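Structures for review follow.
In the two complexes that follow, chain A is the common piece, with chain B as its partner first and chain C second.
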Partner chain A sequence: MDILINTEILISTLQNVISVIDKSYSKPILSNFMIKTLENEGGQGMVEFSATDYELSIIERIPAEITTSGSICINAKRVFDIAREFQAKETRILSTEQLWVHISCGASELRLPSVEVGLYPQPNIEELKQNLKISTVDLAQCIDMTLFASQTNEARRNLMGVALSITDEQKTRWQATDGHRLAQVIQPVEEMNFGEVPEIILPRKALMEIRKVCELMGEIVDITFDERVAQFSGNRIHFKTRLIEGKFPNCDPIIPKDNERKSTIHRENLIHSLRIVSAISTDKLRPVKLNLQSGLLKLESEKTEFGEASDEFEVNYDGEPFEIGFNTRYLLDVLNVMKSDEILMEFKSPMSPSVIRDPNNDIFLSVLMPLRTEW
Partner chain B sequence: MDILINTEILISTLQNVISVIDKSYSKPILSNFMIKTLENEGGQGMVEFSATDYELSIIERIPAEITTSGSICINAKRVFDIAREFQAKETRILSTEQLWVHISCGASELRLPSVEVGLYPQPNIEELKQNLKISTVDLAQCIDMTLFASQTNEARRNLMGVALSITDEQKTRWQATDGHRLAQVIQPVEEMNFGEVPEIILPRKALMEIRKVCELMGEIVDITFDERVAQFSGNRIHFKTRLIEGKFPNCDPIIPKDNERKSTIHRENLIHSLRIVSAISTDKLRPVKLNLQSGLLKLESEKTEFGEASDEFEVNYDGEPFEIGFNTRYLLDVLNVMKSDEILMEFKSPMSPSVIRDPNNDIFLSVLMPLRTEW
Partner chain C sequence: MSDSRKIIHIDMDAFYASVEQLDQPQFRGKPLAVGGPSEKRGVIAAASYEARKFGVRSAMPTAEAFRRCPELNLVSPRFPRYREISEQVHGIFRCYTDLIEPVALDEAWLDVSANLIREPSGTRVAERIKSEILEQTALTCSAGVSYNKFLAKIASEENKPDGLFVITPEQASAFLKVLPVRKIPGVGRVTEEKLRDFGIEITEDLLKKDAEWLNQHFGKFGMVLFQRARGIDHRPVEPERETKSVSVETTFDRNLTNLEELDLELQNLTEKLLQRLDRNGICGSTLTLKLKFADFEQITRSESRSLPFDRSSLLETGKRKLHQCCSREYPGRPIRLLGIGISNFGKPPRVVQLDFFEDLKIPV
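Our next item is the complex of A and B:
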């Protein structure tokens, strides 16, 4: 292989590739990535960079001047550390038969060992029947507004991601839950065909990595999938992820339909108050009691040996006095991903799930189980 | 105690206090800090915030409206976490006889437990004979340009800081060394009186904390000291640190006087090249060979199983060809604290110490021991 690549494109591509590389080093082969030359497309040489950690793969195709075609497999972090210091406009990558790779840029010359290409679990893009097209902005929002509610530990693997399915109104539904809370976005998309796969569960890690680089994926992301894998393609970047096996629970029965006590609350005020009141708590989830009175929200901590705290501020509420407990962390998680000035909270009883909505954007809702307060 | 403090001043003061709090929690009492009221100064109430980790103390005096005088000792991190969320302009801090402290700001009300004041090793500012006044900008530079060369491990405690002494020309000398390198700044100051204490060794931690907040210390910092402690005072902030006991080695004989091979080198170019050439090394100190030829500097890595690397760029040099090895990390440390576009390197032989200077500012120099290269 003998190729010439624009150095800036090389660096940004390596930066994306690095995100998929296995940081645990438990399998040394996964610290490498691949470069291979593609057939010329209309006279424009193209090379493909790819990396995988078995679960998640990235494949990125970039223009290059190809003198000799071929492929190499080489340590990702080392090449990235070197390339990001390069000053000259173009970088040459040349491989020899003895598995040495020569990299040069301006006067910089490096000779690095590489790995037999056949040893690397090289990812490929598949033709998959099911697909949907979503704007990158909407995709970012769907991830941000749901991922926080997914399960982070392995106790229930089917909850360690976001379920993507289709509603009766032909919109996409994005749902995540950890059993204590649920987040849901109902997002209309440009085009979709769920065919024989009505629901898939996208793993956390894949969504986190896609979210990080989705600004580089152009205006529209094309998602293709079957019952095993999903591929996210936009611009020159392709992510491919294994799906989580198993069934996602039916969350519709959990979403309250008749929560009649409603209050509109200034989001930032609530965040500050929660942080103040929860600061004295040593419990990880930091319980808090919300006390609604006409036009006023009062927050109270538990009384412990570490002290007690209360705060209050004006809100829009004209129902009867009402008290309910929550885990502060769960409340802050949803408040922190919302962007609206005000939030709408809907309650029924101190023992039944509450709903948090954006009053100006009805595609999102979050359900939160209350906490029994004993103070 | 019953006091009213401007909330913004409270938050910024707590932020400084927190920096001194012992993060290891090995001595629980040191997770607290103190507030005490001072005598009114011309009608303006003042309170003193202080914290110590036994080695380093901070004392900060801020205005407050004092209703009842007194003092409290309370958990620093908890109070900081709470106060930084406060929205209202003023914060009231009130203590009761049962060691409860009430903190309120706007509608936020907290009750926190406190600690018996007598249990806390309360720091105090002393009248010390020796002193010097230095501009804050110069102090920051003296710390930045020397601290990197100090010893970080406990093998030789007397090298774990910066030695401050006086030159024959009545300037201050700041020196640090770890045995492999030396950094020195000769800084004229506004006023000084070293009296009976010709040299003190300022510990790393103190200098790091002082450096972080020295922008808040006004234009001039007043340093007072004896043979045990040094105090840095500026604006309303006072740091007090124990000095390192022991004798700092006489470094004058190490500073080469007759290094005749000189090269002026573009600093950023050298940084990029060092990072490229050292990237293939797995050795922590990453050896590199510099090869000077007429008008050209060539860098070469060792050849290992991980590859080899070289780079070159134009420099100002008109001597005979010359080769010398260094640890890349030591070179980068000094290059990264320098600010000049060009650096001046002075060599004698591949086995004798080299000097790095700023060609436009002769107050600074660094001495670097070479590394025997066997390639």
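Our next item is the complex of A and C:
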């Protein structure tokens, strides 16, 4: 193989590839990635970079000047650490039959050992029946507004991702929950066909990596899937991820329908107050009490060895006085992904779930379980 | 030794079910059970009196309950709500005495020998407590009044629901004579059968056996039987007794060696234990497995973790310990009794994050 690549594109591609590489190094072969030349497309030479950790794979196709076609498999981190320092405009990658790879950029010359290509579990893009097309902007928003609520530990594996399904109104539904909170986005999309797979659970890691490179995926992302895997393709980048096995819980019973105590609250005010009041918290649950009175929201911390804190500001509320405890981090997580000036909070009792939504846009909602506090 | 105490045992009537009927009026007057769904091999935690007419009982598999009563309404338990009401009821108790020993959310003993309203009659204190509970919570309870914990408990069962039953020292022996032995707390299925083999069915039959004979056949528990048959129970009412451990055990109809059968028994016991733990709203971080072999040799094996056990870790650890004992330490030895317990509860946290799936009982 002998190719010439624009150095800037090479670095950006390696950056995407490296994020998929298995960080645990439990299987040495997975610390490598592959480059292979593709058939010329309309006179434009293309090469394919790919990497996998078995769960998640990335395939990125970029233009290159191909002198000799072929493929190599080489340590990803080593190549990336070197290439990111390259200054010259173009980089040449040349492989020999003895598995040596020569990389040169400007006056820099490197000779690195590589691995037999046949040993690498080379990912491939499959033809899958089910698909949907979503604008990249919407996809980024769906991920941002749900992923934070997914479970990070292994206690309930089926919650370690975002469930994607279809509503009766033929919109996509994105849901994530860790048992303490639920986040849901109902998003109309350009085109979709869920066929025989009514619901898939997309793993956290895949969505995090996809989100990072969303901006490089063009205007529309094409998602194809079956009951085992999902593929996200946009522009020059393709991700393929294994799905989380199991069933996502039915979250309808979690979403309260009769929370009659409602308050419209300025989002930024609440964020600042929460940060102030939680600053002295020593409990890992960072408890905060919200106390609603006519036209006023008071926030109160637990008394700790570092002191005590309270804050209050005006809100829209005309119900009975009401008090409820929350984990500050959970409140901040949802407030930070919302963009509206105001939020609508709906309560029922100090022991039952509360709802947070955007008063002017009903695509998003979050449900939060309170803390039982004794202070 | 004479006993001149005044002890009240309060037992809320069909507590969980009554709370649900209170909160959800559509279930009033209808057969209702609180418990886990039958498709998850759930069991009934409480049944309303309407459901009991059909033979639905607590600890019965939900599937069996539906066989007995096809129009049964089933709801998932909401322990935080039950705790809330239990707390309210305890508030009423505290107006009368500080000597309160909670048994579970729905059950407590009160020593009102010297009470805060200086009422000499235990019966009148019980009447006032009953009416205040009804007034404040709209729930009924049954009260038993007597001179010790054992008789007070038996008395509270006498006139359920909404009952008040008194056993005076003069009435005790006549009352006890005809009491079936299975009503004595501590007499389970196996002890009951063993007693029956000796021709002992009611307490009067027990009176004919002396302490030595009972000790010989029932060990330490023989002494308890001897005392209870005579209406003796000197145990004090221990206020806010800290729960140190919760355990369940079962004696098998025949000795078991098959690991699969033992696994199944352990699983059933663990479910029972979890239910008991839920009832008290706690879980500890030490698990103890108890095995009694056919030759009555008994061993226990414990394991502690830094965090309290939850359902899956309890099931997993219990099974691992059982396999350790049965396959490695004592391979092939027939087992007559299996028990599992939880201890080391620590301080309950001041702040608890509620969970959709645990607290709203939504299947995950």
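Simple rule for what comes next: the second predicted complex is superposed on the first by the 372 of 375 C-alpha atoms of A that agree within 3 Å, B and C clash if a C-alpha of one lies under 4 Å from a C-alpha of the other, contacts with A are read in each partner's own complex, and residues count from 1 in each chain.
Operating definition for what follows: a contact is a pair of C-beta atoms (placed from the backbone, for glycine too) under 8 Å apart; a residue touches a chain by one contact, two chains touch by 3 or more.
Since the model is a prediction, treat every value here as computed from it, not as a measurement.
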Quick check on the superposed pair: does A:Met369 touch chain B, chain C, both, or neither? Answer first, second, both or neither. second
Output check: A:Gly43 vs chain B and chain C. Expected answer is one of first, second, both, neither. What do you get? neither
By the touch definition at the top of the document, which applies to A:Leu182: first (chain B), second (chain C), both, or neither? second
First (chain B), second (chain C), both or neither touched by A:Glu85: first
Contact-wise, after the overlay, does A:Gly118 reach chain B, chain C, both or neither (first, second, both, neither)? neither
A:Glu312 in the overlay: touching chain B, chain C, both, or neither? Say first, second, both or neither. first
For a test of understanding, state which residues of chain A touch chain C in their complex under the given definition. 155-156, 158-159, 177, 179-180, 182, 249-251, 253-254, 283, 285, 287, 302, 325, 327, 351, 353, 367, 369-375
Contact residues on chain B for chain A in the complex? 78, 81-82, 85-87, 100, 107-113, 269, 272-273, 275-277, 279-280, 305-313
Residue numbers of chain C touching chain A in their complex, please. 80-81, 84, 312, 350-360, 362-364
